[in-house]
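As structure tokens, here come the structures.
Both complexes below contain chain A, partnered by chain B and then by chain C.
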Partner chain A sequence: MATEQILSPLPGTFYRRPAPDQPSFKEDGDTIAVGDVIGLVEVMKSFHEVTADKAGTVVKFLAENEDAIMAGNPLVEIET
Partner chain B sequence: MPIKKLLIANRGEIAVRIIRAAQELGIATVQVHSEADADALPAQLADEAVSIGPPQAAKSYLNAQAVLDAARQTGADAVHPGYGFLAESAEFAGAVADAGLVFVGPSAHAITLMGDKAAARHAAQDAGVPTVPGSAERIEGVEQVKAIAAEIGYPIMIKAAAGGGGRGIRIAANAEEVAALVPQASAEALSAFGDGGLYVEKVIERARHVEVQILGDGENVVHLFERECSLQRRRQKVWEEAPAASVPDNVRAKLCSSAVALAEAVNYSGAGTVEYLYDDATDKFYFIEMNTRIQVEHPVTEAITGIDLVREMILIAGGKKLDITQDAIARRGHAIEVRINAEDPSNGFMPFPGVIGNMRLPGGPGVRFDSMLYPGYAIPPFYDSLLAKLIVWGDDRDHAIARLSRALGELDIEGVKTTKPLFCALAKDGAVQEGSVHTRWLEGWLEDNASRLT
Partner chain C sequence: MTIKVISPGLATTVQDLGRPGYYHLGIPLSGGMDRFSLQAANLLVGNEPGAAVLEAVFMGPDLEFTQDATVAVAGAELPPKLDGEPRKTWSSFAVKKGQVLSFDFLKEGARAYIAISGGVDVPVVLGSRSTYPLGALGGHQGRALQKDDELPLGGGAGPGDGRAVPAGLQRMPGNPAELRVLPGLYWHRLTEVSGKNFFSDTWKVAPEADRIGYRFRGGRKLDFVEREQPFGAGSDPSNIVDACYPYGSIQVPGGTEPIVLHRDAVSGGGYFMLGTVISADMDLIGQLQPHMPAKFVEVDMEGALAARKERHLLLDNIAAALA
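Then we have the complex of A and B:
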């Protein structure tokens, strides 16, 4: 078991939900497969999905909904 | 009362534009900014700069209370909203007035009326302005939409009364689609705008986008001729011209006077734009909506009329009556504006925030460059991608296009990808040179050409 992070490929505003009235893509304890969507980054008014580049179980999110983030910031900590 | 200290509730190139106009009028300036814009050009150029919150627009530029608090702290007596953000919020315009400040724009009443797109259609019809065939008022359910569609013909657009900016539009090709899309569109409009009201318009195929610039002082209204903005991507304008080369003189006179009639009917004050679809096969024009603010593409109108629109709107807000008569407004030559965005046109127009390196800016006769760029400027990812507007003027349209190509050749912005390659290619394109385009032309052209735009 190792702890790893999934990093944001883009700068902008991070969203954990596909839309304000919908549940989060992933919650603590959820399993993540490579390619799963873990959130959205809004950059210059356009939305981009962030997909997992590694598989594991969510320990905790390091960026919260609507946080301002830079490219390379860790978004989520997972146990692989 | 003339304005003494103007607060600019916006950012980017339009904030710079407003500061310039205010400084030339001897008006002190207060720039409000988010934490991400503390080093931006508007904050450098204004007399005072006040932080109003975190980077995200919802927590700063859209925070009306923070803007009003900044006005009180600095003793500003007026607020200019620019475009976007709070510019078309009637609630904000009302709150500015209630705080005893001047809102540089029309009354909250005019914003409310034109902001409700179904009410605006109605006002246009009352003023004798042709509208796109469709519902007279907000529609009441699926059966009424089917009845209207049977009369005007499919396809139809189902639009949110409280919408705008191309959001929440559904296109139905037949009665079955109407039954499916009306409830969907209403639910979406309710969630996006807090108002599920809808109206219906016939789809005009192959239309051009033309719009008339007006200036009013609450009593008198003049027009400053029209612009054409048919080159659009995803309903966003990328290239704008004045005048509209496709509109014959006799139609131009009717088009411009219809915009004046509508603005007079709502006692319009300030700068505004009445937007139309224009069908060049029949020479018919149809009202779409009125924008109650300064627009991104206003410089092309300034270029052909010699009138400084931002200066005029500040003077009018300060109580000055229009001293320009319609007869005194002449147009000369042809102007084109292109929007230099931080986007990579060869990669699906992917946003490209980054740090500006060296820059070589275009100059010479008939060239204007409005931007907030400087070497070392880090473009924040939180706002739209507009970096600069290149505006060229020529004796005629061919001259303006040649000048555009020449100016684009001089322009070099290191550090980011921009939409410059798109405009270099469009300026050389036969259809663009002939002016034989419509609002969906560019999307088709991009399918064939986008990958080569490097």
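Then we have the complex of A and C:
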């Protein structure tokens, strides 16, 4: 078991949910497969899906809903 | 004589120094948001300063070369990798046929200019190879790059490795960014207090900021001098009778969020403009990420012209250093 992070490829505003009235893409303890959507980044009037580049189990989210993020910021810590 | 797009990045477009002469018809200049870095990148690979390059915003593309070439990346610190091996920004490097150029995460700035020896040889439309995506004009099919696109190159292996722009000749915004502003025709619409607040507040780049306009928020709301709105103007005090919008002009709809019109600007409309960001600092706006702090700094015409001269001199010095 190793702890790894999934990083944001983009700067912008991070969202954990697909829409305000819907549940988060992933919660602590959920399993993540490569290619799963873990959140959205809003920038330049568009929303971009952030997908997992590695598989594992969510330990915790390091960025919260509506956080301002920079490219390369860690979004979630997973156990692989 | 092409590059193949393996992955397009976020909104990578072909840009040169733009398409002057049609703004009165509603077709904006377009071209690189940061013209300084675009020209520096071209000089590094031995191109004319205004040759067509790729402008990558926030995230780089993956590109496969089908011929030998020289490449340079200037502007944002978006570290290039050649077949996975790191290369430096603001420096030229040789690329062999079959190699793949990719990029690491963005470290600083917002837009990287990827110059390739011979330039990107898309058709010239109205005098320019620049892309105006909103009008589906120019560049590669009038749009941002997509996976599997093939871009024609002007050709030539270029000067190869080892040409670099010294750190002292590079130009990027500080933190907070300082954007110099010449107060304009409608400055009188603001109350004295709001005029002072505009320049003393620290603003932040809104995530909506794009090639058309850079939106800022976080400063105090601007108040207007009371008046009866003239015939033809909208009812909000930030409305005016329709006027031409200069590049760099700062409109503040509703007095809340200043928008600086940039290279893909709309050419006219009914919002008052408090002033104009000077031409020398338009490049800096192109390098601002969302949420970056920025201050507006008042200058007069003399100061604006001196800044323009200084920026030209910096480019001349780069050209001389690489000659």
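In this text, the second predicted complex is superposed on the first by the 80 of 80 C-alpha atoms of A that agree within 3 Å, B and C clash if a C-alpha of one lies under 4 Å from a C-alpha of the other, contacts with A are read in each partner's own complex, and residues count from 1 in each chain.
Everything that follows uses one rule, which is that a residue touches a chain if its C-beta (ideal position, glycine included) is under 8 Å from a C-beta of that chain, and two chains touch if they have at least 3 such contacts.
Only a predicted model underlies this, so the values are computations on that prediction, with no experimental measurement involved.
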Check whether A:A68 is in contact with chain B, with chain C, with both or with neither, and answer first, second, both or neither. both
Which partner chains sit in contact with A:D21 here, chain B, chain C, both or neither? Use first/second/both/neither. first
Partner chain(s) touched by A:G56 [first = chain B, second = chain C, both, neither]: neither
Quick one: is A:P9 in contact with chain B, with chain C, with both, or with neither? Answer first, second, both or neither. second
Examine A:G39 and indicate which partner it touches, taking first as chain B and second as chain C; both and neither are also allowed. neither
Partner, of chain C and chain B, that touches more residues belonging to chain A: C
Chain B and chain C contact sites that coincide on chain A, given as residue numbers: 10-13, 43-45, 68
Complex contacts: residues of chain A adjacent to chain C: 7, 9-13, 42-45, 48, 68, 70-72
Contact residues on chain B for chain A in the complex? 36, 54-56, 58, 191, 342-343, 351, 353, 381-385
Contact footprint of chain A on chain C as seen in their complex: 10-11, 57-59, 105-107, 110, 207-210, 289-291
For the complex, which residues does chain A have touching chain B? 10-13, 21, 43-46, 66, 68
